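Next come two complexes, and both contain subunit A; in the first it sits with subunit B, in the second with subunit C.
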Partner chain A sequence: MPVQGIRTVTAARNGVGAFILQCKRLDFHYCDWAGSSRGMVSFLKNSLASFAKANPQIEIRVSPRPHKHPVIKGHYINGREKAVCVRNLEPEQIVQKANLLKEASGEKNKRTKKPVTSINDSVRGIWSPFHGDTKTV
Partner chain B sequence: MFSRTALARAFALPFEQSARPLTTRFGVCLRQASTTTTSQSHPEQPTEPLSATPRAQTSAPSQQPPTSTPSSTPQIPASKLPVAPAFTSPVEVTKSLLENLPYLTGQKPHYITAHLHDKPYLLTEGDHLRLPFLMPNVKPGDVLRFNRASLLGSREFTLKGTPYVDERLYECRLRVMGVDSEPLRVKEKTKRRRRHVQRVTSKHRYTLLRVMDIKIKTAEELLQEGAVVVEDGKGVSEVEVKA
Partner chain C sequence: MRSSLRLLNLEAPTLQGSKTLYVCSVCRQETRPRPALARQFLRNSSTTPITERVRRKIWGTDSPPGLEDPYGGQSVLEKKFKKDQPEQRPQRTQEPDDGWRNIDEASAGVETAPSGEYEPATTWEGLARVGHLGRWTDFPASEVDEYTSFKSKKRLTKPNHHALAAHQAAVEICLMQSLNKPLASVCDVVEHQEPIFDLLWKCRIKPADGQWNGALVYPDEKAEQVLAYVFEQIGSQAQTESAAEDAAEADEAEPETVDPEAPRSLFFNKAHVRDKGYLRLSLADPATKFAFLKRFSQLTGHYFPDPVINSISSVREAIQYVGGELSLKSLKLDAKPQKLGPQLTASKTLQDLPNVKVFEKRQKRVDRDEELGRKKVIEAALRERGLIQ
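On to the complex of A and B.
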């Protein structure tokens, strides 16, 4: 008998019941020497603690990245990651960038024309010419 | 649930339509003359006109940390409770609506045509909605209740509003999932006889929502909440059978 996988009964839809923030991890990279990291170092010293405290569901990692520009990387539960270069930015601007990564869905930026995407079947069914009233010409 | 400003913006539609006569807004609830008399004759009507069960956590965009798990915060702070709607009269349902409502409520799944800023969105449970704008003062995890719908329906039955269904007949909740962005748009602008191209860039952000539930209240629930049964008349929401 061949091995059979377990069929999924329902598709997971985050937010319908429980809600998990899409961003699971933020990596902050800085350089101690370079001037473009000045704002980043100030952010790490002063406001990162409050940011981390306000977002307990996000894992935060801080690591040096010598001789490179400072970067914030967001890791998302869909497996993707988003990186933002924050060179020469002020600490307030870096807070904005961190919030942007926090709220992002992790999907690739796309232009969509339809606001609603649904995986449900059509509620009212598909129109059929063989049902309903007989049409007279 | 949402801050008061967000609520006012999201549900700013009633004020935009003040030019219309008041009676056409909610065909069901705003029939003042008969309502006031009937409400006096019912002393046991509940004090809360809209008895919607408050659910999940709420958040104001202030310093309070966002809580992603609703179960961890069973107590909702008073400052975060949803704004109580100021209904002056209990909801009115006609006899025919009361007769036909069980057919609609018993037939799942349901769809709703919810209006936000006068734009209709046809939603079913679990749908993903990307609003064409960035909703201010909301955070991921917030729950919004859409209270403006023109259609509520199932496979064979539809409750039509005139033009909108009274918000006390249903509950439609959406969860704020986050903020999405679009790729950078570049528009090239040129002038005649000038070898110069101006490139204008823009990048918009959009709020992502997920439909949590669409619940049409049953006739028993409506009567329990103090709905007043009136005779059939014009301008009242009716359940229609699919042709």
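On to the complex of A and C.
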């Protein structure tokens, strides 16, 4: 009886066909008293509405956290959380941090060592024109 | 001396001197004639340099021919340094700085050290100062370093003094306005002489609708001329030169600051202001307000906080604040800053967004349990175990 290989079935890849944003919730915490929350307060007053309007699929919660530094906390669909302290940051920098959390997958940060990342690794490596026989046209 | 060397000749003198007075080994070494080996070492301590000694040994005589120093004497840098030294010396001593002078004197003393015998110092006097870097912290305070307060040191507390100060400031600013001079420069002259102050005191202010323009009424024409001449000299210097022709009047009417050491009477013992028209003057114009409050603050010694300056709108209110009738509380300036939570909750744009939820209070674990629907279960379990009532 001939040996049969296991048949590959298409695995779901986020973004192939449909893209589901991994971030489901963003919590914004601030302090009314502390100076390190000045940028955060300014962001919440002026930029939060536009940010929320641009990202309707993310739930946004704003709550005070007295006598603590301001924090943005992202909740992801894989059950993980990511928190970024935004003390003494300007509103523009806070927007950048919020976007960073929004675009994150929720996975732990991994170090990429190889030049190409693939789910179907090549055995031959990356092709280079400077290796092998000289080709003449 | 080396210990091995010392041991060589130790025995014989000890035996010899055993019958006489006891001498310790150190003293015995001092008095004992030195051996040839020890003399060899001592030769190194002579003033003759080693190069010269080598030369003598080579030639076999104490006066060998050729240069004393076989390596060509001083180097180029040494020669240059010696040549430059006499030129630098007088330049340094001309510096006015005391600290540097001390250092120079000290260094000069080292170089021109007398060839006489060395005498150890018993006191610090006359010795070179070591470790002085000549920084500004080491020098005594100069005239520039002295601080003089802008405001008067004494805060006036009596209402009549406040009124006199406000009247004087108002009249001065009216004068500066009529002369088209910078208003705030009235503060350049802290206190006027008595005849000038008398003229200022006699002036009346009759403002029309709180306006400063044309509000000043002089007692007579001569007073107007004198005051105009005096205040012409305050502020910019360009106009002063044109007015300086009248030298006779200048001696009498030149504004001078009063010597702070001399005993002074407040407002030259004037008890009250002659009219109360100045109270109606408006402080709506920011430049006028700034100039008036600056001068008023200088005369009375009272400080005006920024929120108060912002809220004051007339001369009457300024006097009321100084007199204690107005306070931060009555001006409603002591209100606590509004919290962000209620502001965001009231915001219409955020209310319209379905994905935004604003909490006015801190969210705790209990709130999370309640939201997830397990608060009742947890409470029931705790009650069952008797942990909560």
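Quick note on the criterion: the second predicted complex is superposed on the first by the 94 of 137 C-alpha atoms of A that agree within 3 Å, B and C clash if a C-alpha of one lies under 4 Å from a C-alpha of the other, contacts with A are read in each partner's own complex, and residues count from 1 in each chain.
In this text, a contact is a pair of C-beta atoms (placed from the backbone, for glycine too) under 8 Å apart; a residue touches a chain by one contact, two chains touch by 3 or more.
The structure displayed is predicted, hence computed values, not measured ones.
S.K.: Does subunit A have more residues touched by subunit B or by subunit C?
M.R.: Residues of subunit A touched, subunit B against subunit C: more for B.
S.K.: Is A:A83 contacted by the first partner subunit B, the second partner subunit C, both or neither?
M.R.: neither
S.K.: Taking the superposition as given, does A:V123 touch the first partner, subunit B, the second, subunit C, both, or neither?
M.R.: Touch status of A:V123: first partner only.
S.K.: Is A:K53 touching the first partner subunit B, the second partner subunit C, both, or neither of them?
M.R.: In the superposed model, A:K53 contacts both subunit B and subunit C.
S.K.: Indicate the residue numbers of subunit A shared between its subunit B interface and its subunit C interface, in ascending order.
M.R.: The answer is residues 53, 55-57 of subunit A.
S.K.: For subunit C, which residues are in contact with subunit A within the complex?
M.R.: Residues 337, 339-341, 343-344, 347, 349-350, 353-363.
S.K.: Mind listing the subunit A positions that touch subunit C in their complex?
M.R.: Touching subunit C from subunit A are residues 30, 32, 41, 44-45, 48-49, 52-53, 55-66.
S.K.: Tell me, which parts of subunit A touch subunit B in their complex?
M.R.: 13-22, 53-57, 100, 102-105, 107, 109-112, 115-120, 123-125, 132-133
S.K.: Under the stated contact criterion, what part of subunit B meets subunit A in this complex?
M.R.: Residue list for subunit B touching subunit A: 63, 65-66, 68-71, 109-111, 121-132, 139-141, 153-155, 175, 177-183, 208, 210-213, 242-243.
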